[in-house]
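Once you've had a glance at the structure underneath, I'll fire off some questions.
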Amino acid sequence: MDPSWLPPTVIAIPLIGACLVLALAQHTPRLVVDVAALVTALFTVAGGAVLLVVVGAGRVVTRVGGWTPQIGIVLVADPIGTALALLAAILTACALLYTWRYFDSAEAHVHVLLLLFLAGMVGFALTADLFDLFVFFELMGAAAYALTGHKIEEPQAVHGGFAFGVVNSLGAYFSLTGIALLYARTGRLGLAPLGAALTGRGADVLVLAAMVLVLTGLLVKAAIVPFHFWLADAHAVAPSPVCALFSGVMAPLGLYGVVRVYVTVFGAAVPAVVAHRTLVGLGVVTAGLGAVMCLAQRHLKRMLAYSTIAHLGLFLVGMATLSGQGMAGSMVYLLGHAGVKGALFLLVGLLLARHGNVDEVGLHGRGRADGVARWLFVLAALALAGLPPFGTGLGKAISEEAAERWWLVGIFVLVSAATGGAALRAGLRVHFGLGKPPTDADPDTTSGEDEAQEGRFPARIPMTMVVPVVVLLVGAVAIGVVPAVADRLAEGGRLFVDQAGYLEAVTHGAAATQTPAPARWWTLSGVALGVLSTALAVTLALLAVHGRFGWLGRLLDTPLRTLHRAHSGHVGDYVAWLLGGVAVLSGLLILPALP
Amino acid sequence: MSRRLRLVVFGLGVSGIGVVFVLAALLIPRFGGGDHPYRDLAVPAAVARSAPNVVSALNFDQRALDTLGEETILLASVVGAAALLRPTTSEHERSIVAEDRILSATTLLGYLLLPVTLLVGLDVVAHGHLTPGGGFQGGVVLATGLHLLYVAGSYSTLVRLRPLTWYGIAEALGAGAFAVLGVSGLVAAGGFLVNMLPYGRFGDLFSAGTVPLLNLAVGCEVASGVIVLLAQFLAQALTVRATR
Amino acid sequence: MMYWVLLGLGCVVTVSCTVAATLTGDLYRRLHLLTPVTSLGAPLVGLTVALANGLSLVTGLVLLTVALLMVSGPVLGSAIGHCAAARDGSIQAGSSS
Amino acid sequence: MTQWTVAAMVLMGGGLAPALWLASRGTAVCRLIGLQLVSSVSVLVLLVLVQAIGQPSYLIVPLVLALLSFAGTLVFARLLRSAP
Amino acid sequence: MNMLVMLGFALVAAMGTAVVFTGEPERQAVTLSAYGLSLTVLFILVQAPDVALSQVAVGTAVVPLMVMLAVRKVRGRRE
Amino acid sequence: MNMFPYLVGGWLLLVGCLGVVRSRDLVHTVVCVSVAQSGTYVLLVAVGYQSGAAAPVQGEGTPVPGPVVDPVVQALTLTDIVVSATVTALLLGLVIQIAKLHGTVDPDRLNDLRG
């Protein structure tokens, strides 16, 4: 049977479900709304899973409305896009389960917004049309701004939502400008027709400028330095289950978009070496800055947010190899990270629900009685550092192998150790009361003291909040121990970087040639590097907890303070950096690519 | 950052982008030129489906998925604005609003123009596939027409004549109807958002297949959505106050 | 030929009122200069368009548009005047006149 | 170049441009007067332009503009009234 | 005709700049409305009546109403 | 003269950004964002224009012969306008809440998200 009906169905399910929930919400009790929303998300998960099976190691091409790719919009489901859509659906289901008892407000706003957000993410992952990509980008954005600011009784929440909204929207408008420039040159909008039109003509300033502009919006979504400022603000203030979605899949979708657009549209026109060099550079800077800022935080959600930035940088380094293996490694890493980081955000959400506080200092020792949650926190922190057999460890190992150069491997180890160490430090302090509570407070950082409590709970933690955490961690392990995942993603990665095959599939619907990609699995060096970064993380955390970094703190005081100052929460600053970033990106991508 | 530093960073960025953009603009085909490959494909396709308004045909047939996304964005932001502007626990809604009195001539004319505006709005929705306009434009005109009750009359009149719950449901159903029409294309004609109805005669009201139906769904959604959206803003500005 | 005289008159009225409104500094005088545009310029232009099209649906639409302008112009003028006065404090905000 | 085009040119250059200038200077009420002038003049410009282009189906635009600018101007007349 | 189109573009550019450089939100809202009208004229000039109609629908009443209500609410807080 | 319309589009986008950067009031910021977006409409319709071509709305009779201007960019611009209105609404909603909670809408005085 022709499977082309599946991709649009997976987009339509959450959409229709959201409309249904919205219509129901006016007159029915809360329980019905909760169930309807969760069932919709589960249906989307099922749809995504079926699609993933059907896609196999090939592509499913859907011509929406029956139009040819030159006139209409085409959806292309390949293993990587589908995996991301499925990930989005799973995380949304977890978030909905977690919110079952989480929000007081009886209205179904959160449910509807989460489902529409899901529709946007699925559409973004499956579409093969540049303008449609922008539409789904904006759909994700619109839902995300509202979700970020949802805690309207909290000053930081609305402020973070606003900064997020402005920066992301402007990024999107830059992308749209790029789309207009491309359209002016080629008169096409589909990714494949665009790629075909640009093939063999070489790149002039118009095409290169269009590329820079289109990539800008996607890089903003992906929170790559210097477009990353919004992420920490938004993640620090959004409801925790929403953060799990933002970190786990929304920001990575930005990276997916960057590589997807580069490969399919500009792959033949712009030399790969230029793109590779620029993207690796951006990735390294992002990873480094994220790691440093992550270590310097005391607000737990901000810390996790910077750790996400650091990991996004690492994913970009992996993807920027523009090889099947790098792509596969980044994808395994990304999926494992989504599970681990999602679990961490939900655990911080538990702390917030129980103690009304997400400050590492203020919570010192207060999480001792949290039963199973405290062990889960430590486990997740270790997994974040790349502990085998978690998916993060496997992904890191494959990416390191793909990155080839020794100094890049070093960056992978150090950055993952730093982020894992920061999370572990917080876990040890909060849940085990190790060390003395530090007293110094930098006036230029945000503490987590005045965070508004999310929901009100009795002393016992409800099961609906623990189950998603366990599900996410088990998922992260599964990615690392089920060989089929890595195998499938290895094939997906090979397909992903194959521009000619993509063009062929879209225009002629030809099935992908089935040359199996070399399997990627744990290697001895991969396990060793994973254990090494975990050990580094543990050392770092123990030293930090026992205050052995006083001298380092004093040494780094001035630069750290400058860094803190730069992350000012000021929308104008962020937009100024955005413009500066576009100029730098232009310099990096345009000058070397010109003939 | 200080204001000066911010402007410096911005200035450097803008000068870089400006140079690139000007260089790129020099290479864009001449303004007003005739090279539009997509157009050359889209126009005959629309004419073949009896849709004189090619823009509508593009929006509701050839690139209908974009419009589905667009209407979903509208839905998301209406729900989002409702979530952001809901009264918090420390606020209450006043029942009586002190209002400025409006000149009676203004009120009279406003109430006279109300039905005219609604009729024009309906016309814009219904002829979306024939003449300029469509579901979105008509929907906004309808919603604006209803708000003549406020700008020319009084807030209490508007509130009395505006059952918000029903508009909320209508908005959800309108947006849902678009997606459901898409899925029924899947069931009936084997493809999502396939234009499955007979195309009719060029220029007829009932022509161009599903385009008028989709227009109607969008009109319903947009009109109700904009009304719900403006209701949140009106309530915030006029009735929601902090409880002391 | 008569069309063009009418059209020219309409344009002249509109342009001269707009330019005069730009030149005067006084708010209320500027407000008064709004009226000729809608009650003289609009019908002249509308009439020309209507004459050029003959008796048809198009003419109906044009005349409807012009009629709307003519009716709403003075009402809006007074509403703006009222608003200006309320802001100046020459009448109390909230009072009806 | 037909007379309609000339008229559109005159109305845009001599009417619309100064009106837009008025709508972007001075206090809010000054600008509101400018705005009212802009909407009247732009309806006229549109009428003439439609004639110049020769597409009667465009006439819906000036019609909707005339209708909605009533609501639009009243929005300001109403909400600007309470002095800052 | 081409001259008219160019004049339309010039007016739009000037008005957009004027909107940005009006700092006070109430005044800016009025100018924004006028900017919307200049965009409408431009869209008709470049033969885009659908777009012009959208711009009229959104720009004349709905967006100004939202902006003005937001200004009013924000003002009310400040006092 | 040939590229003037494209430059207008780019100018509006950048001047909107400038407005955001130097804004002292968040409502002003939101309006500047919408001006920046209007740059994209202008650029799009400019790209699709063809001198002397008819509109892509062919009236209620039979199809008109001769070229029409590009309808695709107009369809895109329609979507863009909807996006603009909705983003403006959302951002204004956030500004209202910022004003309530912070007591100010001056971005220079909002300083609770640092580091």
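First chain written, first letter: the chains are A, B, C, D, E and F, and each begins at residue 1.
As a working rule, a residue touches a chain if its C-beta (ideal position, glycine included) is under 8 Å from a C-beta of that chain, and two chains touch if they have at least 3 such contacts.
As the structure is a prediction and not an experimental result, all values here were calculated from the model.
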| item | value |
| --- | --- |
| Shortest chain-hopping distance from chain B out to chain D | 1 |
| Chains touching both chain B and chain C | D |
| Chain whose mean Cα position lies farthest from chain D | A |
| Pair of chains with maximal C-beta contact number | A-B |
| Innermost chain, where centres are averages of C-alpha coordinates | F |
| Length of the line joining the C-alpha centres of chain A and chain F, rounded to whole Å | 28 |
| Centre-to-centre distance between chain B and chain A (centres being mean Cα positions), rounded to whole Å | 31 |
| Distance from chain E to chain B - Cα centre to Cα centre, in angstrom | 17 |
| Touching two or more other chains - residues of chain A | 131, 135, 138, 142, 145-146, 149, 152-153, 158, 161, 181, 183-184, 189, 565, 568, 570, 572, 575-576, 578-579 |
| In chain E, residues with contacts to at least two other chains | 1-2, 5, 19, 22, 24, 29, 47-54, 56-58, 60-62, 65-66, 69-73 |
| Of all residues in chain C, the ones touching two or more other chains | 68, 72, 79, 82, 86, 93 |
| Pairs of chains found to touch, sorted by chain label | A-B, A-F, B-C, B-D, B-E, B-F, C-D, D-E, D-F, E-F |
| In the complex with chain B, residue positions of chain A that touch it | 4-5, 8-9, 12, 15-16, 18-20, 22-23, 26-27, 62-67, 70-73, 75, 105, 107, 109-110, 112-113, 116-117, 119-120, 123, 127, 129, 131-132, 135-136, 138-139, 142-143, 145-147, 149-150, 152-153, 158, 161, 181, 183-189, 204-206, 208-210, 212, 565-566, 568, 570, 572-573, 575-584, 586-587, 590 |
| Touching residues (chain side chain A, partner chain F) in the complex | 131, 135, 138, 141-142, 145-146, 149, 152-156, 158-163, 165-166, 169-170, 173-174, 176-177, 179-181, 183-184, 189, 233, 236-237, 293, 296-297, 302, 442, 444-446, 563-565, 567-572, 575-576, 578-579 |
| Chain C contact footprint on chain B (complex, rising order) | 98-106, 109, 113 |
| Contact footprint of chain F on chain E as seen in their complex | 1-2, 5-6, 9-10, 12-13, 16-17, 19-25, 28-29, 32, 35, 39, 42-43, 46-51, 54-55, 58, 62-63, 66-67, 70-71, 73-74, 77-78 |
| Residue numbers on chain B that touch chain F, as the complex places them | 3, 6-7, 10, 14, 17-18, 21-22, 25-26, 28, 30-34, 36, 38-39, 42-43, 46-47, 52-55, 57-59, 63, 66-67, 69-71, 73-74, 76-78, 80-81, 84-85, 130-132, 134, 136, 202-203, 229, 232-233, 236, 242 |
